[in-house]
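As written, the chain order gives the labels A, B, C and D, with residue 1 at the start of each chain.
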Amino acid sequence: MPQEYQEPGALICDLARSFYDLGWVSGTGGGICLRDGDRVVVAPSGVQKERMRPEQMFAIGLDGALLARPDDPALRPSECSALFLKAINLRGAGAVIHSHSIHAVMATLLFDAEFSVSHLEMIKGISGHAYGDRLVVPIIENTARECDLAEALGEAIVAWPRTHAVLVRRHGAYIWGADWIAAKTHAECYDYLFRAAVEMRRAGIPTVMQGGTDDASVSTGRAGTANRT
Amino acid sequence: MPQEYQEPGALICDLARSFYDLGWVSGTGGGICLRDGDRVVVAPSGVQKERMRPEQMFAIGLDGALLARPDDPALRPSECSALFLKAINLRGAGAVIHSHSIHAVMATLLFDAEFSVSHLEMIKGISGHAYGDRLVVPIIENTARECDLAEALGEAIVAWPRTHAVLVRRHGAYIWGADWIAAKTHAECYDYLFRAAVEMRRAGIPTVMQGGTDDASVSTGRAGTANRT
Amino acid sequence: MPQEYQEPGALICDLARSFYDLGWVSGTGGGICLRDGDRVVVAPSGVQKERMRPEQMFAIGLDGALLARPDDPALRPSECSALFLKAINLRGAGAVIHSHSIHAVMATLLFDAEFSVSHLEMIKGISGHAYGDRLVVPIIENTARECDLAEALGEAIVAWPRTHAVLVRRHGAYIWGADWIAAKTHAECYDYLFRAAVEMRRAGIPTVMQGGTDDASVSTGRAGTANRT
Amino acid sequence: MPQEYQEPGALICDLARSFYDLGWVSGTGGGICLRDGDRVVVAPSGVQKERMRPEQMFAIGLDGALLARPDDPALRPSECSALFLKAINLRGAGAVIHSHSIHAVMATLLFDAEFSVSHLEMIKGISGHAYGDRLVVPIIENTARECDLAEALGEAIVAWPRTHAVLVRRHGAYIWGADWIAAKTHAECYDYLFRAAVEMRRAGIPTVMQGGTDDASVSTGRAGTANRT
């Protein structure tokens, strides 16, 4: 790995500051988790994302069990934990980013069941996708409580086996990768594509071109209904 | 409180620099105050917001009386002080932010007496609000002098008991919270919602969905006229 | 003056870095000068604005005579110098900012001979203007060479005695103030107003309201033709 | 040269961080190379652009031969290398920037074979161009693999002898200059012009005015077909 090693808690704090500057996490929204062997390091809930400190982190097991907690008794683990674990357990993700980017939210307001674009170079930054592919991201409906999203998120992950992201209507996106670098790269590419698609729609330009190299729904998008859990 | 303690004057300088980068305070506009026991720490008027120093701060009482002033005789306390005290005295706010964000101003140009949105995840970041609620922010008319806004601001605070913000037409917004963290979180969420609503209007998408869980004007928005002072 | 003293050359470098981040100066465009007694400190031409160093500055007299130059023989003083001197000599400006902000350029494409807005709080940040005033900024036509703008700029400064800025069509703006703080505050307010007017036009909202308190062209805008030089 | 000398590898890392903040490089996309005598210093492929380190750089010859590589065996040189060499060998470029800016991509979606603007001051920042010139940037079609772009890029460089940039449809732009300062200045000016043209189109304003001083296709744009390689 060409990047210098950083302790997971410190790395989460560092990334969260940079995601705050990008507009992905703010208010009480958004977050990130990192897998570290059999542990998953997650930030506390309701703490300002750009001002977190490494000693405030929680560690949970792959089954969600609490393994370690910060000294401060007022802190609780992120409400996203159950959702983060879906991508970790169903896809082997090493890191998951939850973004409240306005580009993601606008994309969910302009597309129905699936976000899709084709023929944009940035698509190549998403693992397993080529330039001419139709890139599809499933959109699930939001729920009143974040933990109630877990089941629908898990179903979408299974039903769209090629995706590395799930959009949540009027809410944001969950984006993952094999390690934190892949997750961050995916998040940058997806956010760019959400923004580009919104601007293309505004300019009256179709977001999917005819004649893509990989346009069949089985291979690019949703798996057959027989595969759904 | 999971955040490290900072002396109020230093914290105001730190936050003002970050609000400058967000476009909430600039020119001579915008500001922030922090309650510290029975004192309220306020910045001077007409000083560049991103270059203030802790020794330039004023302290006033909850009745507006001047308790402490900086050595520099040229400095005067912020013209927002009377407005800040409305939120502090009528709502027990621990911090108040005055934003000139262009998203707030554009929202006041696109909505009439009330700004309202529903079914956006960021609404959950506003205390006392759920995802499906109709979030309402009253809009008061601007006045030639900032101090003349105080009465209308106080009336709106009383008439809309669930709001944590008041928009001022063609001017900006006053946003508060129980402490500086809550006020800053509210400001981030409201600003996001102002921007999202402007983009939704531009795209022809209604900002309020039918069937919200909390759509009655009594509970979400303006109190009955009998309650008005 | 409540700000800490900075040596003019160092202050220019500091401000230019911050204006680069705001998008006001980039490429080879934009700049700033500061008056220091009978000298005017100006940056070199064609140097990257965000990477200038204090020892690269020039000093010129109020008549444009070169008083001091950097050791590096390859450097020439900014091509804006003759334009900067117009605001200094005709208005007593202590600092002049030349911005290439895209908001300024878009404003010159959407307005004819004059940019005008009224009833926006940020107007109060421009010296001598109240909230209900019609704020007017003259727009002069661009020329192939920057030095050829000086005469038209001087005429506009005389003909619009209340303005602290002149827009240059398809080019940008010259903005000044009594000292660097006033010039920077004006530049922040004008840039905000240029952006707001562009967004208002896009949304179909008039930029000037009827019934302003100060709508006569003599007092807010252009002086009578008899006053023109 | 008025800038302080920086070792090429360190300079690439420094510039890449700043281009990341500008949105020109992100995900796995975009990059920069610097010529250093008979060597060209290029960054590795697939590394986060804003977190690169000088010891990760490659050096290649003007014929593409690998001259030096980093110790880390997992690193491979940027896939842009063959494209960078086109501008270096055909135009004597000292630095080449590959941008994924969304403004560049939107410009390729709104123009056909050529991007063109005239009468914008920022055009003067492009070497060899005056304010009234029609600035033309050829647009080549994207390919599935980045290395397959090299031939079309080389042809465009030859066919449009006055350009310092080539746009790649739905992908981004390659921009160069005589040294890194000229390349960066060109990149800032071109990106500004791409954005301005997109905003002008959105507002219904033509991007080229009649009566430019240099409107003939031979002198401003594409060379005669006889010149094509």
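Assume contacts are C-beta pairs under 8 Å (C-beta built on N, C-alpha and C of every residue); 3 or more make two chains touch, one makes a residue touch a chain.
The shown structure was predicted, so the numbers you read here are calculated from the model rather than taken from an experiment.
Asker: Hey, which chain ends up farthest from chain D, C-alpha centres compared?
Answerer: That would be chain B.
Asker: When the C-alpha atoms of chain B and chain C are each averaged to a single point, how far apart are the two points in Å?
Answerer: Result: the chain centres lie 31 Å from each other.
Asker: On a C-alpha centroid basis, what's the spacing between chain B and chain D, in Å?
Answerer: Using C-alpha averages as centres, the distance is 44 Å.
Asker: What positions in chain C touch 2 or more of the other chains?
Answerer: If we look for residues of chain C contacting two or more partner chains, we find 202.
Asker: Which two-chain combinations qualify as touching?
Answerer: Contacting pairs: A-B, A-D, B-C, C-D.
Asker: In the complex formed with chain D, which residues of chain A make contact?
Answerer: Of all residues in chain A, those touching chain D are 1-4, 119-122, 124-125, 130-132, 181, 184-186, 188-189, 192, 195-196, 199-200, 202-203, 205, 213.
Asker: Using the touch definition from the top, list the residues of chain C that touch chain D in their complex.
Answerer: These residues of chain C touch chain D: 26-29, 44, 47-48, 51, 53, 56, 72, 74-75, 100, 102, 105-106, 109-110, 142-144, 168, 170-172, 201-202.
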